[in-house]
Every structure is written in structure tokens, then in C-alpha cells.
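Per-chain residue numbering starts at 1, and chain names A, B, C, D and E are given in the order in which the chains are listed.
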Amino acid sequence: MLEAVVVIIAPIIGGLIYGFERVVCARMQNRQGPPLLQPFYDMGKLIDKQALIINPYHSILGIMHFVTLWVVVAFIILGQNLLYVIFLHLLSSIFLILAGFSVKSIFSHIGANRELMSVIAYEPILIMLAVGFYLINGSFDISVIRDNPPQILQLFFLFLAFLMVIQIKLKKSPFDATEAHQEIVGGVEIEFSGVFFEFLYMAKWLEYVFVYLLLSLFAGDNLALGFGLFIGVFFLVNLVDNATARIKINHLIKIVLMIGLTFGMLNLVGLSYV
Amino acid sequence: MFNLKKYRKRSPWILHYNAGSCNGCDIEILASLSPKYDLERFGIINTGNPKQSDIFLVTGPVTYRSRERLIELYIQMPEPKVVVAVGSCSCTGGVFRGMYNVEDGVDRYIPVDVYISGCATSPELIIDGLVKGLEILEKKTKSMEKPSKLFKDTTSREGIVSRRESALRVGEERDEEN
Amino acid sequence: MKKTIDIPLGSQHISLLEPVRFKFECENEKIIGVDSDVGFVHRGIEHACTTKFKFDGIGYVVARICGLCAITHSLTYTAGIEKLLGGEITQKAKYLRILLLELDRIHSHMLCLSHTCENAGFEAMFMRIMGDREIIMEIQELLTGNRVQFDFISIGGVNRDLDASRAKEIIIKLEIVKQKVLGYIDVFTNNWSLSLKFQGVGALSLDEAYRFNAIGPLARASGLNIDVRNEIDYLPFFELGFVMQTHTDGDINARNLVRLNEILNSLEMCNNTLEGLPEGDIFTKLKGKPKGEVLVRLEAPRGELMYYIKGGGKSMLERVRIKTPTFSSIPAFSHIFVGENYADAPAILASFDPCLACTAK
Amino acid sequence: MFNSFFKAFTNLFKKPQTIKYPATPIEKDKDFRGLIEYEQEECIYCLKCEKACPPGAILFVSVENPPNNEKNKKGLKYHYNPYLCIYCSECVRACPKPNEALWQSNKKPPIGVKEDEVNGVL
Amino acid sequence: MKKIEVTLNNVREEILEFYDAKKWHFLTLNGVALEDEKTEIQWIFSQYEAFDEIVIMFAEIACGDVVPSIVDIVPSAIISQREFVDMFGIEVDGSEKGLYLDQDSLQMPLSSCKV
């Protein structure tokens, strides 16, 4: 029952995290920043706005992206199979990419292209993460992982690789080439407006819930450690965001694949032989 | 149920277009995003994307070439929206009034809700103007508006009212009466 | 079928302050051809200067060509008229003019640096520099009464005096700015992600700089010694400690470093001006109407600004030709873009510090 | 990179630079170039300010009920459009009686709304 | 400031002989409208690292003349030439209208020629 409630309020939790992040980010830049509930104000406004529809598929794919992401989050909360989660998440990204390609705007195409390339960069790490959990727990089930003691020490290198995935997924510099506000004005989200943009906006919140829930898996049954990890990584991500510039998409793939794959492989090899 | 209109006031996203200004007002808009004035505390984000914006900041006296793009951007913005003319030259043409490639103010082409004067205007005035614009945004309906000058004033030449000409006209009328 | 894609940048784009349209012909994301349209801001000021305004009011009109180098425009025009009228202005007026000129250069360079950082995706640095730039803006407001359009210079001198207590206040503020700028130099040289974005990107070699007649920081970053402050004498730049800043790499990083070093040099010049401010009047009345032709040049933040003024002994001038720095750099700009990645285009564009309001007049 | 990292971290605990503008008003410096103000009683109607103004923001127009001033022989009335003014204070320098008839105050220029018709006739 | 008079026929040879990219900096192409539908066209150069060394080559042309292009000698002249075409309505070899004004615009704001 509790889990069902958590699933329903998941977007709201994500919104709160996002709002808090905007305040923290502003404070790191020495300014006051928006109020904490700003994302919800934005949401209220976007419902009220007129929606311009480019073509039906574009809008529906945007909504599908949001719905699939919600299912992904629900799967994690309900303790389903980790592999399902990762592949469903891939599906949700594919919906977004298809939406990007379904309109004529050139910026949307470039954004979708970059999104696709970033998927290539981070997906192997997520799969290796699942394999790593399997090697320790003997099961892909998230409920099993949650019942076991913390696994962060055994999976330390994969944890480091996962930090880069967080940067990509949350569109934080240096790995925010997919959104790249100053180059391609938000990439795939450029043609969405009104209510349809709101689904994309809320999908962003769910993305926060998704990555931080995946992160909490490292802590296993230790809730306090899970919370500690969340706080620590949250500030780390924002500090790195405020200390780096955006790097190009080809650099992103090179760096993430090189470091991420090396770390992941190292960890997996270590787990299977030690 | 919820009154959604009140949220408009709390999250206005801005779009900025330079229709031929001297950069002075543009850098002041940039400066009002900076830490000292920090527009984000009103929930303002500079989106740069007309499809997701609520407030249209226009600077400059509208040159001949930029007017097409100006109207295009205005039409691309979904309702409800507010247009803010920033700086003297976008209000009335300012010092460029009457030059051959200039159209004397934004309100000839799109309906302007708030006029911010000053040459160059300051971040302080921009905040004042935006606060006033937000009040107007809350009352707006979702119907499209028409520019005030292009349709109303058909008596003068091409719809432009020259201050000096009209002032002289007033003088002539007076002479005739005497 | 066409194998390339056309990516438009402008005329409205978030990374642009001004309307300019570039059409990049790209192979994947690599730029192979550039098409530019710079005429969006054309207002016809040259024409208005000879038909609409009298010569003593034009100083305020040409200042509105560009908000970033407003002081350079009005100063160059005024210097030309003073040459035609044949008067000499006081030393104090000259010093105050240099003070404003250099303050303007500092704030313009800081804006350019912050804008380059923003376009490179470094939001925090943008906020940091813009926050510190407010100090300079406050000084300008104290001196002239407005943050951007100074209207400080009139034919025969300057409009406002500066008293000693204010001068002291300004010196203290400038010292704060100096410390901050030294901090930026560290960031621009040592930040790993900025080096990926800036080093070796958008390079202009020395030969190309000569060939395309590049000017300003763009040319100085390639090692070309061109600075009009080095070549003119109607303002005492050398007296106040002017040193030319050059670099040899020619890429975005080099341009940023040239700008940073110029800020430091300008801060020193401001300091020297305030400390050695002579006593005397700030205004001498010049009589007569301009007659003859004159060509004046001055170093704007972006490079060489040239005015050609021809007067016929009437209050209306016969010809005012304004050659602005960005105008003559456009051939070089278009050349640099070819072969670069589209992802770098906004940063490269911002690193030129283009001023289209100047270009199109 | 670590410097910026550290800077962001220390900023988190500093007081933000932001001024709370609409809540706490900014004190304008006495030399701020704000609105042009006019005193009808002192004006001698020499029209020097009208000629000097680059954009033509100051206009003297003949009206039916001219202001009561013995110098005003042509029956003129002063008009000033703050939305056209560029605040260069050239009119004040041209005025033979600065600070009495015409002066530049440090008041902020006004904000107009649609009903004001700022680009209208006068 | 040194003024050298040239004609439209020999200006290319003069500039070819005179211009050295490492020594001279091409400032701009300037036009001045004179009376009787004449226009004075000026090519302005300045010397690098020299004190106020400026050379102006000028020629007096009529409205129908075609000005030779110097883009192959001085590549950066292209933008000045396009501006000259826009502002004066006088044809320059290989430079098209449309930098500031529209391509089909009849305006020539600074010209003394009659349309």
C-alpha cells in the first residue's frame, strides 16, 4: 500500500528535488534563486498555456516518454527486475528520440541525434551495473538487492562510473551536450509547448527520482547510508556542474566510454575472480 | 478547483529579441539576470524558445529587416502572452525616430502591454516593468490581440504619426480659428 | 540527395544578443560553409547625421550606434570635430576622457568573457563575472549618471567634473576588481573543461590575420601588433602606462587571455589617471563651424574605430563615414568558422565579441 | 577546475549578492540622469531646448489656452515625452536658466502601459 | 594623411603596386557625394606600427561608372564594397546589393545621383 502511494507521488518528490536543486545551484552562483516550489508554479502555468501541436505523433511520443518513465520508477519502487527497469528506461529514451525526429526543426534533429549518442555512451554502464548486482546477489530482483547489506564497496568502481551517468541523465555540465541550451535551445524539447511540454518537464523530475533510486540500490538495506549517498551525490553533482563547462558530444562519448567501460570491466572482473 | 491563473504570475519565462537596438538595453537585460538583480527569484528563465515563453522583451526601434522576424516570433508564442518594449527606442523610436530604415517603435506591428523608458534603461526599470507586466499577464485571456497603430490610425501617412507633424497640425488649426 | 544539413543560427537565438543570421552548412556537425546576414540592425545613422542632426548634437546620436562602445563613438566624433575647429582642450578633460574610455573597455571585455563562458556552457562563470562587472557599472553611474549611455563628452571637453573624494572611492573599487580579474586568469588557464572547449578552437594564424586585415583583440591574439592607442597622440595614452598586449596562439583561449591582460592594463591606466588627475577646467568653448575633411581613429574595445568627417562650414555636415571594428573583421570571422564543430560555433562567435549594432549602423 | 569547485562550495555558505529590489528600493545617486523637469513660471520661451533635443522629446505647441506667463507671447505650451527622451541632458545645457526653468532630476523614468498610448500624438 | 589621385582605369595597378599585406592595413572604402551627380570614391590605408600614417587614394566618378573590384588583392575589401553598392547605388565589379538594404530596394541613401 505504502509503495503504491510512493509510486503516485513520485513526480512530486522529483519536483521537490528539482526545486531544491535550483535553489542550491543559485546559491552556488552567489544569488538568491527561485522559491523552492518553483517547478510546481511552472507546472500550473504550463497547464494554462495554449498548446501548439506540430503533429499528433510528436505530442503522443512526448507523453509516452513520460508514462514509460513513470512505469520505470514504479518498477524500481515495487522491487521488480533490474534488467526490465534498464530496458524500459531505454524504451522511454527511444520515445523521446523518435519525438525529436518526428518534427522538421533542425535543432530538434540535432538534439535527438545527440540524445541517441549519449544513450550509446551510458547504456553499457547501466547494463554492467545490473550484471554487477547480479554477481553479488545472484538475482536481478531489486527487492532482493534491497534486502542485502550495502554493496557500495564491492561495486565501488561501478559507482564511480555511475556518477558520470547521473551527470548525463540530469543534463548537468560537463555532460549536458544533449540539452545544450546555448547551442540548440534545449534540443528535443524545442517544439513542445503548453501541456505537452509539461509532460516533458515532469519527465525531467521523474528522471531525478530514477537516478537517485538507482543510486540508493548501492546502499542495500541500509536506509541511512542510502540517504547519505543521496545527499552527498546531490551536492557533488551540483558542485561539478558549477565548476565545469559543457564538453562536446564526441568528447562526451570518448570520455564516458573510456573511463566508464574501464571501471566497469575492472569491477566485474574483480567481482568474478576475487 | 485550483485557480490556474495565479500561477502565471509566478513563472513567467522570457524571450528576448533585438529588433535593431544599440545593445545597451540588451546588455542591461543580461545584467538583470546576473547575481545582483537575479530575475530568477521571480521564477523568470530566459528560454530563448518562443514556444515556451510568456513574456516577449523587445528592444530597438524595429528596423526594416527585423520586422518580419518580430511578427513571426510573436505569432509563435502561445497565448496568454505579454509584450514589453524595453528602452526609449522600442517605445517610440527614440533618437532613431524618422530615420529611413526604422519603423518608429514596436507598437506599430505588435500590441505592446508595457513600455519601459530610459536610454539605456537600467535593470531596476526592467524589473519594475516586468512586475507591471505580470499584473497584466494575470488578467489576460487567450484571445489574440491586434496592434494598436496599424489598424487604428488610418488618417496619417502609412499609419505613422510624426510628433512634430501632428504638433504643427494643431498649430495650423489654431491659426485658422483666429 | 543533399548530404549536408543547413543549421541556422539567428536571427533570434539564445546565444545571440543581437540579430545576425548565420547559416552553417554542416556535414554531420562539422561546418563546411558559412553564409552570414549582418544587416538586421541597419538604421541609417550615416544618412541621418548629414540630414537630420546638427553637428553639435551628433555626438549624442552616434553614441547610440552601439551601447557597448558608446564612449568611443562619441569621443572619436568629437575629436574629429575638435580637429576641424582647431581648438585645444584642457589636460584634465583629456584625462577624464581616457578614464571613461578605459572603464568602458573593462566592462565591455568583462561582458565578452562572461558571454563566451555562457556560450561554452559554463553558467557559474557567467554569473561570477557578471556579478563583478556590476562594480564597474556602479563606477560608471557615479561618474556619468547612467550605466550604459554616458553622454559624457561634448565638443570642447567633458560634461561632468570628478571630485577628489569620489576619485578615492573609485580607486578602492578598482582594486577589488583587480583581485577578481586575477582570479579569472587562473580559471581561464587551468580549468580542464574550458581548455577542451577553448584551446585550439577557432584559430586564426598570423598570416591570415594580415591577409584579412584583422583588428583588435582578434588580431592581437594572433600576434599582430595593431592597437590604435599606439599610433595616435591626441590623448596621452603612453603617459598613463599603456602597454600593448599580444598572444601568439590565435585561438579562443588566446583571445580571452588578451582581453584579461587588457583589463589589467586598463585598470592600471585608470588608477594612474585618478592619481595624477590635473587641476583645471573641464570645458573650453570652441567657436565656429567645421570646415574641411578629417580622418580620426581610436581604439574601441573591439578594435579600430574610424570616422571620416567632411564639413562645409555649415551646421549640417556633408559626410560622416563610420568604419566600425566588427565591420572590417567580418571576412576573418567567416573564414574562422569553416572546419570547426557546430557545437563550438556559439562560443567562437562570442569570442569575436561581435557588435552587429556597430556593423550595420 | 578545483578552484571553481571550491568557490562554488564557499558561495553556498555566503550571503547572496542579490539585492531585494522591489521590496527594498534602491537609493538613486543625486547625479543620476533621470526625468527632465520643467517650471512653467520661470520659462522664458526661447525654445533653445526644443532645438537642442536630438530626438525631439521637448515640443512647444500652440494651444488655445496658453499657460499664463508674460514671456509667452506666441501662446505656446511645453510638452515632454519621457518615452522619447534619451536623457542626454543636452536641453539643460542649452537652457539659459538651468536649474530654474529646466533641470534634470534623479527620479526614475516612468513605466507606461497600453492605455497611455506613449507612441501617440503627443 | 596623404592623398593620391587615381582614376578608375589605373586604380587596380596602383593598389597592386602599393599594397603590401605585411605593411599596410586596408581601412575601408569610402564614398563622398559631391555636387553635379559626382561621387568621390576613396580607398583608405593605414600603416602598421607607424605614427598616424594614412594614405587615401581617391577618384572622382560619375553615376553610371563601374568601379573595379580589389577583392583579389585585398580580401577584406569585399564587405566595404558591398556596403558601397548599397549606400551609393554605384556598381562595383562582382559585388551584389543586399548587405543592409533589400536586394530589390531602390533606395541609395547617400548618393547624389537622381533615380
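To be clear about the criterion, a residue touches a chain if its C-beta (ideal position, glycine included) is under 8 Å from a C-beta of that chain, and two chains touch if they have at least 3 such contacts.
Since we're looking at a predicted model, the values are computed, not measured.
A.B. asks: So if I look at the partners of chain B and the partners of chain D, which chains show up in both lists?
C.D. replies: Intersection of chain B and chain D contact lists gives A, C.
A.B. asks: Please tell me whether C-E or C-D has the greater number of C-beta pairs in contact.
C.D. replies: When C-D is set beside C-E, the one with more contacts is C-E.
A.B. asks: Relative to chain C, which chain's C-alpha centre is the most remote?
C.D. replies: Centre of mass proxy via C-alpha means gives A as farthest from chain C.
A.B. asks: Among the chains here, which has the CA centroid at the largest distance from chain D's centroid?
C.D. replies: Max centre-to-centre separation from chain D belongs to A.
A.B. asks: Give, as an integer number of Å, the spacing between the C-alpha centres of chain E and chain D.
C.D. replies: Here chain D and chain E have centroids separated by 43 Å.
A.B. asks: Between chain B and chain C, what distance separates the C-alpha centroids? Give it in angstrom.
C.D. replies: About 28 Å, centre to centre.
A.B. asks: Where the CA atoms of chain A average out and where those of chain D average out, how many Å apart are those spots?
C.D. replies: 52
A.B. asks: Among the residues of chain C, pick out those that touch two or more other chains and give their numbers.
C.D. replies: 13-15, 39, 42, 44, 47, 60-61, 64, 124-125, 127-128, 131, 146, 149, 191-193
A.B. asks: Which residues does chain A have that touch at least 2 chains other than itself?
C.D. replies: Chain A, residues with two or more chain partners: 26, 28-33, 181, 185, 242-244.
A.B. asks: Chain D: which residues touch two or more other chains?
C.D. replies: 1, 4, 7-8, 16-18, 54, 86-88 - these are the residues of chain D that touch more than one other chain.
A.B. asks: Could you list, by residue number, the parts of chain D that touch chain B in their complex?
C.D. replies: 16-19, 21-22, 26, 54-56, 59, 61-64, 75, 79, 81-88, 108-114, 116-122
A.B. asks: If you look only at chain D, which of its residues touch chain A in the complex?
C.D. replies: It is residues 1-2, 4-5, 7-9, 11-12, 14, 16-18, 20 of chain D that touch chain A.
A.B. asks: Note which residues of chain E are touching chain C in the complex, please.
C.D. replies: Against chain C, the touching part of chain E is residues 1, 21-22, 25-28, 30-33, 42, 44, 46, 48-54, 56, 74-76, 78-80, 83, 87, 98-101, 109-110.
A.B. asks: What does chain B use to touch chain C in their complex?
C.D. replies: That would be residues 15, 17-28, 30-31, 33-36, 46-50, 60-61, 63-66, 69, 73, 89, 94-96, 98-102, 119-120, 122 of chain B.
A.B. asks: Quick one: which bits of chain C touch chain B in the complex? Just the residue numbers, please.
C.D. replies: So the residues of chain C touching chain B come out as 11-15, 17-19, 39-45, 47-48, 52, 60-61, 64-68, 70, 111, 115, 127-128, 130-131, 133-134, 137, 146-149, 355, 357.
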